[in-house]
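Next up: the structures, one after another.
In what follows, chain A forms one complex with chain B and a second complex with chain C.
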Partner chain A sequence: MSEMLSATFITVFIATVIAQAMPLMLAAVGETIGEQAGILNLGIEGVMLIGAYTGFVVTLMTGSFWIGMLAGAIGGVVANAAMLVLNVWLGLNQIVIGLAITLIGEGITSVLYLQNYTSSPASLGAQPRMPIPGLSEIPVIGPALFRQSGIFWLMIVLILVLAFALARTSWGLSTRSAGQKPSSLDAAGGSVMRTRSTAVILSGVLVGLGGAYLALLTTATFSPHLTNGLGFIAIVITMLSRGRILIVMLTSLVYGLAVAMGPALQVIGFTVPADIIKMLPFIIVIVMLIVFARSSVVPPALGAPYTRGAR
Partner chain B sequence: MNGYTSGARRSRASRVLILTVSGALAVALTACSSGRGGSGDTGGTDDSAGTDVTQFALVAPENESDYGYNQAGIDAANGAAEELGIDVTIVPDAGYDNIETVLNQVADGGAQFIVAHASGYNVGAAAAAAAKNVPILIQDAGEEENVPDLIAAVKPEGQEGGYLAGVAAAMATTSKTVGIVVSADNANWFAMSSGFAEGVYSVDPTIQVLYTSVGPAAYADAAGGKTATEQIIASGADVVFGMGDGATLGYLQAIEASEGVMYIADIGDVTPGLNDTSKLLTSVRWNYEPAYVQAIKDIEAGTFGESTYPVDVENGGMYLQETDALTPEIMTAVEEASTAIADGSITPTIATSADEVAGIIAAKGE
Partner chain C sequence: MTTTATSDVISLRGITKAFPGVVANDDVSLDIVPGQVHCLLGENGAGKSTLISILAGMQQPDSGTVSIGGTVVDISSPKVAVDNGIGVVHQHSTLVPAFTVLENLMLGDGGVLLDEKRATRRLEELAGLLGVEIDPHALASDLGLGQQQQVEIAKAMWKGSRLLVLDEPTSMLTPQAIEHLAESIARVKAEGLAVVLITHKLREAYAMGDCVTILRAGRNVGHISTEELATYSEQQAQDAILAAMFGEDIVAVGDEATELAGATEASRETAAIDFASRPVRLELRGASSRGAGRDVDVEDVSLTLREGEILGIAGIDGHGQNALSELVAGQRPASTGTLVFDGDDITRSGVRGRQRLGIRYVTDDRLHEGTVGSMSVAVNLVIKRIGEQPFWRSGRIQPKAVDAEAKRLIDEYGIRTPSPATRAGTLSGGNIQKILLARELTNGARLVVVNKPTYGLDLKTVHLVREILTDFAAQGGSVLLLSTDLDELIELSHRIQVISRGRLVGSVVNDGPGTAEKVGQYMTGAIEGTD
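Up next is the complex of A and B:
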């Protein structure tokens, strides 16, 4: 067993943790912004798939992972437009719309993939790396952490900027007000509709990026139902993180660790039933849910209607 | 209803928009749900014994893009139809839910013989065969499952193909470490894994064989497949034997991103999925066509369901795909092993669980 724990193995293990955590992190941050504004989007599984498929197709067409990620973000916004129009603007039920988006996302991406790539499946290959001089030379950790792609670093910066903006800026205050007490935001001269609309669009960008990251960087290909329930895990993580994006980042890394542990345990010699391997990430999420459920606080106006003047 | 409006009443325009969107969704859903099966009233065959088969069907859980099991079944069905000059209807992506209904619909569509191309279909297939009186070929079942004129099983001898792949892997590895990645707890893959390990040890018992599973039924988990393959490569394996249906897409990404690593595929031809085809050492090909052709002939002769149809080395149903990476020395060793398997002097072990595979790997050929 010990001979299996080589530097290369540990490096790949750490890189796997990050690769598995990033799509979840982006999706959960997107969901966090939406929930903080009062929008519970149960459709992020479908939005992720649409972002993933869009990013995959555009990367194949252009050969650019950057353009592919941009397309994934646009795909996410388009998918979330259903939530924007039907819920924020027209006031239909968020849960029903969310489930519909999930089903449509799963269906449409599967149909399009099977229609276009069944006979000649395509792969994207490895994305270009952007090693950080000096740090990437550190044994074991360096290649895993500091030899990532430029897209990885941009996503990290984006998440940190949003964490700051949500907690410290007037935009963040408006967003949180729309979820905490929209009537106060309205009374203060803010627009609940505009605030929620912005949050849904931004949420679509991030969830779409999460899907695109999964297809382009984590898997380097697309297959039907690629997300495998990742969107629903993102919703749980969002609920547990109470709007704190740094906690979203940490819990996403825990999920990545759980995913990476399954094959790693087998390779180093543990005979682990395949059922346990596949369940491990979900078991950890359920344990987190049980442990932290009492402290889980969702915005009071989450999923609730806001009608000006209504009591 | 929830949402932000400037008054309690919703405008007429909003209602019209909602009705329009709802109507469009309903039309779209109706269109999506009407893709499979038919409304024909052709019914099944009244009596399969001695019936001339002019049309048959294959129902598969996924499609041919898996480079594996589904691809092999679909290719074989098309090949059998061409060989016999009859029509075939391929129903890919049928999944595993409500398979009895799908098979009934296929029978109603006029199929005089159906290949139910997944062992998970066996229960539904038996029910559909009885309900529609249509002969159905099921997968991986024993002789006891055969029912004259209605049900017969096709049985791949995966351990034999795995053994040949093991011989090739042992002769190709330079790191003296080879890996096995499977995406599910599947009887065929356990058998192929045990055969592979024994084939490796028959060449060199000092070679290390690593084994990892993506999940109990992660057939189409490309992301999980990539992760598992990356880790097995990081552990030193320079030849990876992958079994995975749709998860194969993930295996191939990991293989292509690694230098000096060769891949052994299973069942189908993965060449179209590789940007660098020199990465492919070989593939354990399964050829169902002889089995399908024989089954159709047996239906016409009225003897269907009296025996199981093997897919093995002896009848050419299981063999290694030729590639440039298979050197003459490897080919010679593989041919010798094939001959020994065909004449019964080598009988690879059939593992039926991951624990049994682990035991065979730990035994190192002793």
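Up next is the complex of A and C:
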């Protein structure tokens, strides 16, 4: 068993944790921005799938992972447009719209995939790597952490920039106030409509990127229902993290760890049934929920459409 | 970003605004002059708040104009109001509880990055002007109500106001905090800003105002100019205002109007009742409640309430009043301590059991907890007796019995409803409150817990509600009256205890002048710290 815990094994393990955590992290950060502005998007499962599918198709066509990621982001925005128009502009029920987006996302991507790719299941091949000189030479963690794709680094920078912006810029303050007390934002001369619209679009970008990351970098392919509940896990993580993006990053890594554990246990030689291993991430999420649910606080105006003057 | 004061007069001309079924403002015209405090008086529903919403850009008038220094300004959004230097302190707090003072103030600032340094400087400047001290890094939810209001005023003046509008600023303050506020208003006025002060209390209008405009049913029914007000004695001003406020009704309402309009210091004639000899109706011994969400729980509360007594609980909103009333009603379990009712331990009995014993609860949340708006008035009147005979038999509702009971209560309490079958949600706030009182006080009530019973009601209903409670006590019922309105507590209660952060911090026997100050001291001492 000891030779199994070799350097290569640990390297692969860490790389798996990151690969599994990133899509969830992006989606949960997207959901966080929406929720901070007062929009609960239950549709992100569907938005992720649409982002994943567009990313997959465009990468196949162009051969560029970068253009594929961009397409995923655009796909996410288009999917979230339903939330933008129906909820933010017209004030319809967020839960109904969210579930509709999830169902539509699952349906459309499955149909299109089965229509176009079943005869010749396509794989995207290896992702472009961007080894960081020096750091990537460190044994064990070097190849795991510093031989990632440039996309990985761009995503990390994007998330950190958003974490900073949410806390320290007037855009962030407006966004948070739209979820806390929209009437205050309105009275202060801000526009609840514009703030929430921006948040929904940005949320679409992030969730779409999360889906595309899953298809392009984590699995290197697409299949119907690829996300397999990841969007809903992102909603849970968002609520547990109370709007703090650094906590979102941390809890996403815990999830990644849970997913990577399964294969690792098998490699080490534990004879755990495959079903249990598949269940592991969900069990971990449920445990996190039980332990931390009492401290999950959502913004007070979450889910409530805003009409000026209405009390 | 300095305080800009100009000599431009703000003129409202022919402002009219109608909502479905009601004309809130009907051809209202008035001038607001810099360096003066303009008081706007009127009953609930007279159209004061609508007029302010129009000034603040939250509503658009159907017709009429607002002009500043002769130039007509279309205040189409709150942003336009802010840009024109119109700062409004709304009756309901607009602070975000989860934000710090600075974050609240910086909301709506331009620029990409939040400039904390500049904001801190501006806050210091404004705090100096208002003569107050504000901790910039405190969470808004941790501030006392008086301090929250100071932050609101600073926020209204943040971008250099020309006009400061205060909507009912004194309604939830202690007498001491009201004095602070009056000082701040005087300082703002001295800076050359115009101030509009909305109130329904005559003595405040006289004490703080330079001129007075009275609204009734949406119309401007009287104006006392600066010169006139300066020559009037308090009594003359009061008579003039009351005549305008109530019109022909003045005869019918009479002295009560004076009292209700807060013209005089509230006081009560205490008949010499020796409660010590009366049997104890309710006793709480070291009772604490256990969490229900984020509101304040009560801790270690001991009190005694005797037969025929009205015990007032004073305190600033949100200091455990809900927990205390729900604890007594049985809607919240006691984690420690005991509750004794008529000599029996009721700590473990539930809501229904306590109701049968005669413990009743009139919630402050009339519309949501108190009634089911989409159900009929009749059903709402018996809704706490679901399943009980004669209204239900073998699980089936008996419409005739329900209707008969409803008609009886509607007559007895003068509930104005087209019919018992009308949906409760369509009635006015006053009539909904009457439904609650009728439901709770009928069928053998011995103790009633009332939380903010007159909040937001019109003067006539306020008077009626208070009469119902006094009568109930006179017939031997006991009343636990939780209120944020000090005048109300002093008018009704035999004793007043002060609640702060879930604990009872003081007790005052209501036996004549000086009660308000004593109660205020307990509230201030406990809540505002050294403020």
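Operating definition for what follows: the second predicted complex is superposed on the first by the 311 of 311 C-alpha atoms of A that agree within 3 Å, B and C clash if a C-alpha of one lies under 4 Å from a C-alpha of the other, contacts with A are read in each partner's own complex, and residues count from 1 in each chain.
Keep this in mind: a residue touches a chain if its C-beta (ideal position, glycine included) is under 8 Å from a C-beta of that chain, and two chains touch if they have at least 3 such contacts.
The model shown is predicted, which means the values in this text are computed figures rather than measured ones.
On the superposed chain A, the positions of chain B and chain C stay apart, so the two partners fit side by side. Of the two partner chains placed by the overlay, only chain C lies in contact with A:K181; chain B stays clear of it. Legend: residue contacts after superposition of the two complexes on their common chain; A:W171 is shown touching chain C, with no touch to chain B.
Computed from Cα centres after superposition, the angle at chain A between chain B and chain C reads 130 degrees (steps of 10). By the touch criterion defined above, A:S64 lies against neither chain B nor chain C after alignment on the C-alpha atoms of chain A. Within the superposed three-chain model, A:R308 lies in touch with chain B and with chain C [touch as defined at top]. Applying the stated contact rule after C-alpha superposition, one finds that A:G190 touches chain C and leaves chain B untouched. Within the superposed three-chain model, A:P224 lies in touch with chain B and out of touch with chain C [touch as defined at top]. Of the two partners chain B and chain C, it is B that touches the larger number of chain A residues. Contacts of A:P273 after superposition on the shared chain: chain B is touched, whereas chain C is not.
Taking every C-alpha of chain B against every C-alpha of chain C after the fit on chain A, the minimum distance is 9 Å. According to the touch criterion, the shared surface of chain A, contacted by chain B in one complex and chain C in the other, consists of residues 308-309. Residues of chain C that touch chain A in their complex: 53, 56, 58-59, 77-79, 81-83, 88, 90, 92, 94-99, 103-104, 106-114, 155.
Interface residues of chain B facing chain A in the complex, by the touch rule stated above, are 1-8, 10, 14, 17-18, 21, 25, 32, 63-65, 67, 92-93, 184-185, 210-216, 218, 220-224, 226-228, 230-236, 246, 249-250, 252-253, 256-257, 272-273, 275, 354-355, 358.
Of all the residues in chain A, the ones that touch chain B in their complex are 4, 6, 8-9, 11-13, 15-16, 19-20, 85-94, 100, 107, 111, 114, 117-121, 123-126, 182, 192-193, 196, 214, 218-226, 228, 259-260, 262-264, 266-268, 271, 273-275, 277-278, 303-310.
Residue ranges of chain A in contact with chain C, taken from their complex: 168-174, 176-177, 180-181, 183-191, 308-309, 311.
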